[in-house]
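The same subunit A turns up in both complexes below, where it pairs with subunit B and then with subunit C.
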Partner chain A sequence: MKIKAGVAILAFFTLMAIAGPLLIGADPAATSNDGLQGPSSAHWLGTTQTGQDILVQIVYGARVSMGVGVLSAVIATLLAVAVGLVGGYFGGAIDETFSVLTNIFLVLPSLPLIIVLAGYLPQRGVASVAVVIAVTGWAWGARVLRAQTLSVRRRDFVEAARASGERPLRIIFFEILPVLLPVIATSFLATVVGAILAEAGLSFLGLADLSTVSWGSMLYFAQNGQALLIGAWWWFIPPGLCIALIGTGLALVNFGIDEIANPRLRTIKVRKARA
Partner chain B sequence: MRFLARRLGFYLLTAWAAVTLNFLIPRLMPGDPVELLVARMKDNVDPAAIEAMRRAFGLSDAGLWQQYLDYLGNLAHGELGRSITFFPTEVSSVIAGSLPWTVGLVGVATVISYLIGTSLGVLMAWKRGTWLDGVLPAATFMHAVPYFWVALALVFVFGVTLQWFPVSRAYGLDVTAGLTGEFAGSVLYHAVLPGVTIVVASMADRILGMRNVMVTTLGEDYVVMAEAKGLTSRRVMWAYAARNAILPNITSFALSLGFVVGGSVLTEIVFSYPGIGSMLLKGVENEDFPLMQGIFLVISLAVLVANFLADLAYLILDPRTKQ
Partner chain C sequence: MSDFVLEGRDLTKHFTAARGGRWGRRPPVRAVDDVSLGLRAGTVTALVGESGCGKSTVARLLAQVYPATSGEVLLHGEPVKAHRGAAFRAYRRQVQLIFQDPFASLNPFHRVRYHLARPLRIHGHVRSDADEQEQVAELLERVSLTPVEQFMDKMPHELSGGQRQRVAIARALAVQPVALIADEPVSMLDVSIRLGVLRLLEKLADESGLALLYITHDIASARYFAQDITVMYAGRLIESGEAEALTQSPAHPYTRLLLESAPDPDRVTAPETVRLGEPPSLIDPPSGCRFHPRCPLVMPVCSERVPERTSLGEGRWTHCWAAAHPS
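Let's turn to the complex of A and B:
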C-alpha cells in the first residue's frame, strides 16, 4: 500500500518532468500584463510579479530540478558503488582507507561545502551544479553498499567464482553487483531526493543557474520579489510542496520496503495487550 | 576508553581533512579564482588587501608543499586572513561576531527538536494502533520538506499575516545590546520563528527513527520479561525499551547534524539572522574567498565537536563501551 502510493507520486512527477512541457508548450519565462494574480481559471496557480504563469513554471521546473537530481544521483551512485564495493570486497588497507574517506565525507556538512564549491565555480551551469552536489553526496550510499558487500563476499557463489579463477574486478562487478541491485536502487532514490533538496537550496540562494526555471530558482525570485510581504502565497507554496511531495513519495517506498522486512513496523490496529 | 580514543582519532583525522580540503579547493577549481580576483581588484582595492588575501591563501611563489606548511602555520595562530567584504576586519573577528548567534539558535533548537522528537517516537511506538499513528503521515511529509520553505511559510503566516513575531534580525532596533532583561527578551522574541523552523524541519527524522527502533526493541525478550515481572508500564517504556532503543538513534542523530547545520544556514538567510550562515552567503555573493573558507572550516569543526559530544552521550548511556 505504502509502496504503491510512493511509486504513484514518483511516477506522477517523472511523467510531469518528461511529458509536461510538451503538453503545455508555453514558455515558462514569458511575461504578461497579469502580474501577481491569484489562482484563477486563466492561471490555475496564479502568476508572478512579471505575469509569468506559475503552473507553467512548475512543470518546466520539474525538468530542471529532477534532471539535476537524477544526473547528480547517477554520478554519486557510481562513486558509491566503486568505493563501497571495491572496499568491501578487498578488505584490508584498501577498505580501511575507503572507509575513513567515506566517514569523513559523511561527517562534513555537505551544504556549506556545496556553497563554497559553487562560490568558486566560474559559471554555474546545470551540469557543474550536479557534479558539485554529487561530489558531496556519495558517502551514505558507499557506507550502505560496503556493509552489504561484506555480507555477500563470503557467500558460496562468490567463493566458487574465486575458486574458478575469475579476476577480482570481474567478481565485484559481474557477481556481486547484480545481487546488490535492489540496495543500489534504494540508495539511488534517496540520493536523488538529497540532490533535489541541495539544488533547491543552492538556487534559492541564487548560486545556481538562475536563467533556467527550477523549483529552487522560483523560490529565489519569490523571496526577492517580496512575495511574502505582498501576500502572494501561490508563488512560493507550489515549488516547495513539489519538493516535499517527491521526498514523501520516496520515503513511502523506503518505509514500505522496511515494513516488508520488519512486519512489526506496520501500523495495524493491535489489540491492547498491555495494561 | 578505547572507544573514545578511536573516535577522537577519527575526528582529528577528519579535522585535518577539512583543513586540507580548504587548502586544496581554491587550487583545484578551474581558472584559479584567486588570481582572477586579484587581477579584477587591482585598480580599486589597496595593495594591502591583495597582500592579505594572498597570505590568507598561503599563495606565494613557493612550491605547493611550502605553501601548505605556511597555511597550516597561519591556521595554528588562528590567522584566517582578512575579509574582503568587511575589509580590513580579520575573518576571525567576523566569525567571532556571528558564531555565538548561530551556536545559540541552532544549538538550542537542535536540543529541543531532539528531545521532543525522540519522546514522541517512544510514545508512538508504545501506543501503536492508537490515534498517535496519525502523526506518521505528517512526519513522513515533513521529513523531506526544505528548511527554507518551512521558514518562508512561517514568515508568511506568523510574521506577515498575523504579525505575531518579527521576521528578521536577532534583536529589535530599539534595544541596545547588553546584559539587560529587555535585550534578552528581544533576542528570545526574535529567535522564535527561526528556532521553530529548525525544530519543525529536523524533528520528523527523530520521530521516525526512534519509533522504528523502539518498535523493534519492544519485541525483545527482556521487555516481555520486565512486563511479566509486573513493572509499571512507565518503567518498562523508558528504563527498559527506550534506554536501549536510544543507542542507534544517537548515532543517526550525530550523522544528521551536518544536514541540520546546512538547513540552518538557509534558515538564517531567510530571517536575515546575523549568524554564520548569513555571513557565508555574504562571502559567496561578494566573492570574499577568505571569509567563505574560514566559515566552512569553522562550521566543519563545530559539527565535529557536536559529533564528539554525541559520542560522549553514547558512552554514558551504553556501559559496554566503557570496557
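Let's turn to the complex of A and C:
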C-alpha cells in the first residue's frame, strides 16, 4: 500500500518532468502584464510579480529539481558503492583509508560546505550543482554499505566463489552487489530526497543558477518579492508543496522496499518472495 | 610417502581468543596440534571427530583458506603456500571445497548455469558458448540432475537441499581438481537423501581418480563410505587405519566410545554406562593425552606426557599409552 502510494506520487512528478514541458510549450521565464494575479482560468496557479505563469514554472521546475536530485543521487550512490563495497570486502589498509575518508565526509557540516563550494563554482549549471551535492552526500551510504559488505563477505557463497577462483572485483560486483541491492536502492532514494532538498536550499539562498527555473529558485524569487507579506500564497505554496510531496513519495517507496526486503517488518503478504 | 596427492604434515593452528585470559592477555586457542594427514587419488579418507574438535580447521588448512601456525601442506609431494592472489587461484585449480550448508553456499541471485559456467570460464576449460553449454550439461549429468535442460536455468531457491548440494558438487568438479575436501557435506541434508549424495561422491572419486577428504562427526557413515578413517579429538589425531579394521577393533578408548554412541538396531542390551564428561577447552587443554580426564583406561602417565604414535601394523596407528604398553 505504502509502496503503491509512493510510486503513484513519483510517477506523477516524473511524468510532469518529462512530458509536462512538451504539453505546455510555454516559456517559464516569459513575463506578461498580468503581474501578481491569483489563480484564474487563464493562469491556473496565478502569476508572479513579473507576470510569469506559476504552473508553467512548476512544470519546468520539476525537470530541474528532479534532474538535480536523480543525477546527484546517481553520482553519490556510485561513490558510496565503490568506497563501501571495496573497503568492506578487502579490509586492512584499504578499508582503513576509505573509512577515514568516509568519516571525514560524515562529520563535515554539509550545508555550509555546499554553500562554499557552490560559491566558488566557475559556472552554476544544473550538473555542477548536482556534483557538489553528491560530493557532500555520499558518505552515509558508503558507511551503511561497508557494514553490510562486512557481513555478506563472510557468507558461504562468497567463500565458494573465492574457492572457484573468482577475482576480487568480480566477487564484489557479481556476488555481493546483487545481495545488497535493496540497501543500495534504499540509500539511493534517501539521497534523492536529500539532493532535492539541498538543491532547493541552494537555490533559495540564491547560490544555484537562478536563470534556470527550479522549485528552489521559485521560492527564492517569492521571498525576494515578499510574497508572504503581500499575501500571494499561490506563489510559494505550489513549489513548497511539490518538494514536500516528492519527499513523501520517495520516503513511502523506501518504507515499502524495507518491508519487502526485511522480513521482520513484513506486514503485507507478499505472494512470491524472491529468495 | 609421495603417493599422497594432498598431504598435511604436522599442521598446527592456534587462533587468538576473542576474550579471556588474565590481565588482558589473549590466550591462544589450540584448535589443531600436530595433525598429519594424507589423501590418495581415487580414495575416500574420512576425518571423524565430535563438534569443535578441529576437523573443519584441518579442512581449511588443507584448502589454504588460512595459513598454518606451523607445519606444511604438500600437493603432489611439494610444499605449497598459496593464500592469496594468483598462487591461491592456481591452488584452487587443484584442490576444491564442498561446503556444509548448501542453502548458504549458492548465491541466491544466480542461476544454476551461472554457478557451473563461471569456474569453467575462469579456469579456461571452455572455448565457446556452445562448448560451455555442453560442459554444463555434462556436469549436471555427472551429479545426476536430469533432465539437465530443466535444472540449468533454475534459481537456487527452486531446488531442494539435496539438489543444491549436487549443484555445489558439480561446481567443485567444474574446476577439474585432483583433490576434493568435503566438510560435512551431508549433515545439513535430510537423512533420506544423504545416502544418495554420499554414493555420488564415492562414484566421482572412483571414476575420476579424485582424492576425497570426507569430514564428518558420523563414524557410521565414514565406515560405510571411506576406505581410511582418521579419528580426531580436541585438536589432535588419536587413531587412524583402514575403515573396516578400525571400526571392528578400535584401539583407542575414544574411538570405542564413539562407536558405541552410534545407534545400532542389533544391540539389544543397553550400552555399558560410560564415564560422563565434556570435550575439553582448547584454550587450556588437558596435559599429556587430551582424552585422559574422560578415559576409562587412564594411567598415571597419561596426564604427564603426550603419547607417541604407536604403529599397530597394516597402516594402523594410534596415540595411546594403553596401546603403547599393553598390560
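Here, the second predicted complex is superposed on the first by the 255 of 275 C-alpha atoms of A that agree within 3 Å, B and C clash if a C-alpha of one lies under 4 Å from a C-alpha of the other, contacts with A are read in each partner's own complex, and residues count from 1 in each chain.
Everything below uses one rule, namely that a residue touches a chain if its C-beta (ideal position, glycine included) is under 8 Å from a C-beta of that chain, and two chains touch if they have at least 3 such contacts.
These numbers come from a predicted model, not from an experiment.
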Next on the checklist: With the two structures overlaid on subunit A, would subunit B and subunit C clash, or do they fit side by side?
Outcome noted: fit
Next on the checklist: I'd like to know which partner A:G247 touches here: subunit B for first, subunit C for second, both or neither.
Outcome noted: first
Next on the checklist: Quick check on the superposed pair: does A:D156 touch subunit B, subunit C, both, or neither? Answer first, second, both or neither.
Outcome noted: second
Checklist entry - Is A:W233 in contact with subunit B, with subunit C, with both, or with neither (first, second, both, neither)? => result first
Checklist entry - Hey, is it subunit B or subunit C that touches more of subunit A? => result B
Next on the checklist: I'd like to know which partner A:S110 touches here: subunit B for first, subunit C for second, both or neither.
Outcome noted: first
Checklist entry - Looking at the overlay, what does A:G165 touch: subunit B (first), subunit C (second), both, or neither? => result second
Checklist entry - Given the touch rule stated above, what does A:G201 touch, subunit B (first), subunit C (second), both, or neither? => result first
Checklist outcome for this item: When the two complexes are superposed, subunit B comes to within a least CA distance of subunit C, in Å, of 13
Checklist outcome for this item: The intersection of the subunit A residues contacting subunit B with those contacting subunit C is 274-275
Next on the checklist: Touching residues of subunit A toward subunit C in the complex: what are they?
Outcome noted: 155-157, 159-161, 163-167, 174-175, 178-179, 274-275
Item to check | Residue ranges of subunit C in contact with subunit A within the complex | outcome: 63, 65, 89, 92-93, 96-97, 99, 101, 104-110, 118-119, 122-123, 155-157, 168, 171-172, 174-175
Checklist entry - How about subunit B: which of its residues touch subunit A in the complex? => result 10, 13-14, 17-18, 21, 25-26, 29-31, 33, 36, 128-129, 133, 136, 140-146, 148-149, 152-153, 155-156, 159-161, 208, 212, 215-216, 218-219, 227, 233, 255, 257-259, 261-263, 265-266, 269-270, 280-281, 283-285, 287, 289, 292-293, 295-296, 299-300, 303-304, 307
Item to check | subunit A residues within the subunit B interface of the complex | outcome: 100, 103-104, 106-113, 115-122, 193, 197, 200-201, 204-207, 219, 222-223, 228-229, 231, 233, 236-237, 239-240, 243-248, 250-252, 255, 258, 262, 264-265, 267-270, 272, 274-275
